[in-house]
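Chain naming follows the written order as A, B, C, D and E, and within any one chain the residues start at number 1.
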């Protein structure tokens, strides 16, 4: 048995290193985000005012989808090369490395997207004064996305081509986060106060931090029983 | 050497069987489409007139994205279990099985999405009289999406690197299809004639059918030399 | 017997198979009676709605299905929890058996709603708090269904679905709340449902009967599916072999 | 017995309707080694995974001490270097051997900084073997540890097993090539049919 | 020579700065069999992949007849059944053996309809071996074909190889377990260092 701190740190470091080795892969979701935004500008038409008015929704939906893309591979490679089963066998208590894995994932996708949001907002003519709120909503909301997503990823890891199935499982769970996130920005654009929504987003993220790791842990054990 | 027809048929059958092993897998991309639409309504808001006006763009972009997701795993599994390298070694001429693979993929994702487009249109308040055109654009346009996407999938299958490259490389290829597709529907809603756009879409698909398989073929060879 | 005994008994498929048959029959008969009276009364004798005319009568299918669809998901969440915590086989059976019914009810509620929407709202579909959360519910159901289909091993599939169901149930209230709030944000598209409580008794009594009827129908259907599921899972065991040997017809029917 | 590391009683298991085990009894104590033989598909991997806790549908009881499982899949992450892989394992279940020492023992010095995806099949297996040194557990469950290993590698596996036994551990090893262990027991699953 | 199925001249190759081959010359004619030995990482797989056409960074010339390559990855798709897998191969490069016959030859009768993801390691390797019968090519390139196979499986591989030689084909086989082929040549990559 090793100390909790050491366990968490080791897993976290491992994840980051592995990500850095396949940096391009880690960047994919971000590129996807901007690709999709560009497509939207092209497909929906670029009258600044309409785009600007819909920007919050578009940004948030696309953040959801690209998050999905990032999560798809969260456990896949570890499962294929057998390190996942070793983690489940040796990692005690398991929820610590799981938490570390998810945290690392969030730093790479959730956090990165948050930081890049202003760029996206710019492309979509989001009024400058709504920028701060956009950042805030993403920062408080994205942890929930990653955590719920991790549950889905853990459930589908054993399956070939789990990619789209994953979407089916977790997108419905994303609904509240999406609504409050996009809604808050819209409200802010209308000039009203949004602290309530921010609190709600934070609450959802908190809830998921407490619940999800255990769900993931259970899901991993279950998925490994198949092979 | 086996006859071209037999080669194509065998590969086509194989793909369909592998997909239909669990039929619901084939349905997933479709459900994903509707999930995304729902998310959009939730994020962007549902004033009928705005939704209706943007419906063409939204539908096309989402079809495009779910196509991307569906394609993501087109070669991955075959690569992992080593059947892909066997295909490249044994399949002569290689472009036939490749074409078959893509065709099967299209039947499962592209075609199915086309057939379900009316439902999507309904959810997005697309005027009923624009339905026919929507179907037509998707029918003529989606082959190009699948084929171009396949090139990207082939480039990224083996190596971890190059994912970003792919996105940047696919985007310009998708743009014309998207513009003509969404544009045609918008025009039709305005009551004007769209045969020109339909012809253009068909032309693009034709072009991709002739070019893409060879590009995929080359890309596969490149990817396999890595490992 | 005490609750605890019942609990342990419930754990045994064989015992359950034994008692479930009469129970299922009772529920089935009840469902038939309630639904017949409720529907006939509602469709033939209940007065017209003063503003909607006859189209309002869809309510007698729409509301019951909608209500039951939601309760079924709750039930599955509970079953999932039991399966994960106490590893009780029967909970998995419930989980397996309930999904199709719940999904059908949700789809039916959506469909009847859409059909109703055409005359009342002038559109097949309108983004409204209820419709939206119902749609999300359908997606939740589909997720469960797809996951079960995707996993070959039954036990694995069962527990995977349990995890999903539990997480889903935790989310449902949040989803409902958020969707309501979302509607207030986008006032543009709100459409009022006809107020149920305002209905005169001869309008809502048949409705009540139908709601109860659909619940009973669900109970009967659930038991039936569970019995079939049990037979399939326990095929290897002694008692099933005997059962099949004794009444081939009966066991084939169930 | 008191110092029993593995006690299996009445182990029954069937897969796809084929009965693999009926009422298997098995005990391993300190210093024991058992070779698991049998034709393809006779259930060796299944048994090992069941003991490790990765395969639940069996009946019967399995009491086991902490174990290390080395399966068909090496459990070596391709993106990481040999040293990084082992360091991670060391953090999960610390043993008494240092990473460098372990790598030297399995003859992979000079590869500490090489990403495992750039290693040959056998080299990856060697890294996987080093795990047995970096982590510590009284019971080893090895599934065809000789796979892809050359002569020296096969000798290495034998000496690792002997070392574990001397240290008071036990080894259960499924293999198709005889290991010829000093007073090692052999369980042939075919013979039991 | 005229009936040469494989001619390698001045084959040089290095990976990660390690020189694996310098000026290797190799000829295989009809009926020949060559065992490729060598420690882990000595370049056996690399050579085979280079001949198969899967590894381009080498200098020197390789002239080869049509070949079948069986590598570390079995080339069996997990979702498909054994029969479906083989039928597909048969369509790619038709040989003279029927699918059922091939499966029977490798001792997998009864598994035609079993999805390969539900097979044990060795059973999957056997399905991969059946490919050598379903497809036809004068030159076989086998990379550790004995992996995960039980006794009977190993005998099977030997008889398959002999069959191919009698049919006038040639076999190049990397392995760590001696195959003891009748007048088979052996190339030990370590000895050449």
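By definition in this document, contacts are C-beta pairs under 8 Å (C-beta built on N, C-alpha and C of every residue); 3 or more make two chains touch, one makes a residue touch a chain.
Predicted model only: the values in this text are computed from it and were never measured.
Asks: Validating interface symmetry: for the copies chain D and chain E, is the fraction of residue numbers used by both over half? Same or different.
Replies: At the contact between chain D and chain E, which are copies of one sequence, the residues are largely the same (over half shared).
Asks: Top contact pair of chains, counted by C-beta pairs?
Replies: A-B
Asks: Please state the rotation angle, between 0 and 180 degrees and to the nearest 5, that superposes the Cα atoms of chain A on chain B.
Replies: Rotating chain A by 180 degrees superposes it on chain B.
Asks: Measuring between Cα centroids, what's the chain most distant from chain A?
Replies: E
Asks: For chain D versus chain E, what separation do you get between their C-alpha means, in angstrom?
Replies: Computed value for the inter-centroid distance: 28 Å.
Asks: I'd like to verify one number: the distance from the centre of chain B to the centre of chain D, where each centre is the average of its C-alpha atoms, in whole angstrom.
Replies: Distance between chain centres: 46 Å.
Asks: How many angstrom lie between the centres of chain A and chain D, each centre taken as the mean Cα position?
Replies: Centre-to-centre distance between chain A and chain D: 37 Å.
Asks: Return the distance between the CA-based centres of chain A and chain C, expressed in whole Å.
Replies: It comes to 32 Å between the two C-alpha centres.
Asks: What parts of chain C, by residue number, touch at least two of the other chains?
Replies: 136, 139, 142, 146, 150, 152, 155, 179, 182, 185, in rising order.
Asks: Two or more other chains touching the same residue: where does that happen in chain A?
Replies: 21-22, 80, 160, 165, 168, 171-172, 175, 179, 186, 225
Asks: Of all the residues in chain E, which ones touch at least 2 other chains?
Replies: Answer for chain E, listing residues that touch two or more other chains: 78-79, 118.
Asks: Within the complex, which stretch of chain C touches chain B?
Replies: Those residues of chain C that touch chain B are 123-125, 127, 132, 135-136, 139, 142, 145-146, 149-150, 179, 182, 185-186, 188-189.
Asks: Which part of chain D faces chain E closely enough to touch in the complex?
Replies: 15-16, 38-41, 45, 72, 114, 118-123, 125-126, 144, 147-154, 176-177
Asks: Flag every residue of chain E that touches chain B in the complex, lowest number first.
Replies: 52-56, 67-69, 71, 73-80, 84, 87-89, 91-94, 115, 131, 135
Asks: Show me the residue ranges of chain A that touch chain D in the complex, using the header's touch definition.
Replies: Counting only chain A, the residues touching chain D are 1-2, 6-7, 9-11, 14, 17-18, 21-22, 77-78, 80-83, 85-91, 97, 224-225.
Asks: Enumerate the contact residues on chain B facing chain C in the complex.
Replies: By the definition above, chain B touches chain C via 22-25, 27-28, 31, 34-35, 38, 41-42, 45-48, 122-123, 125.
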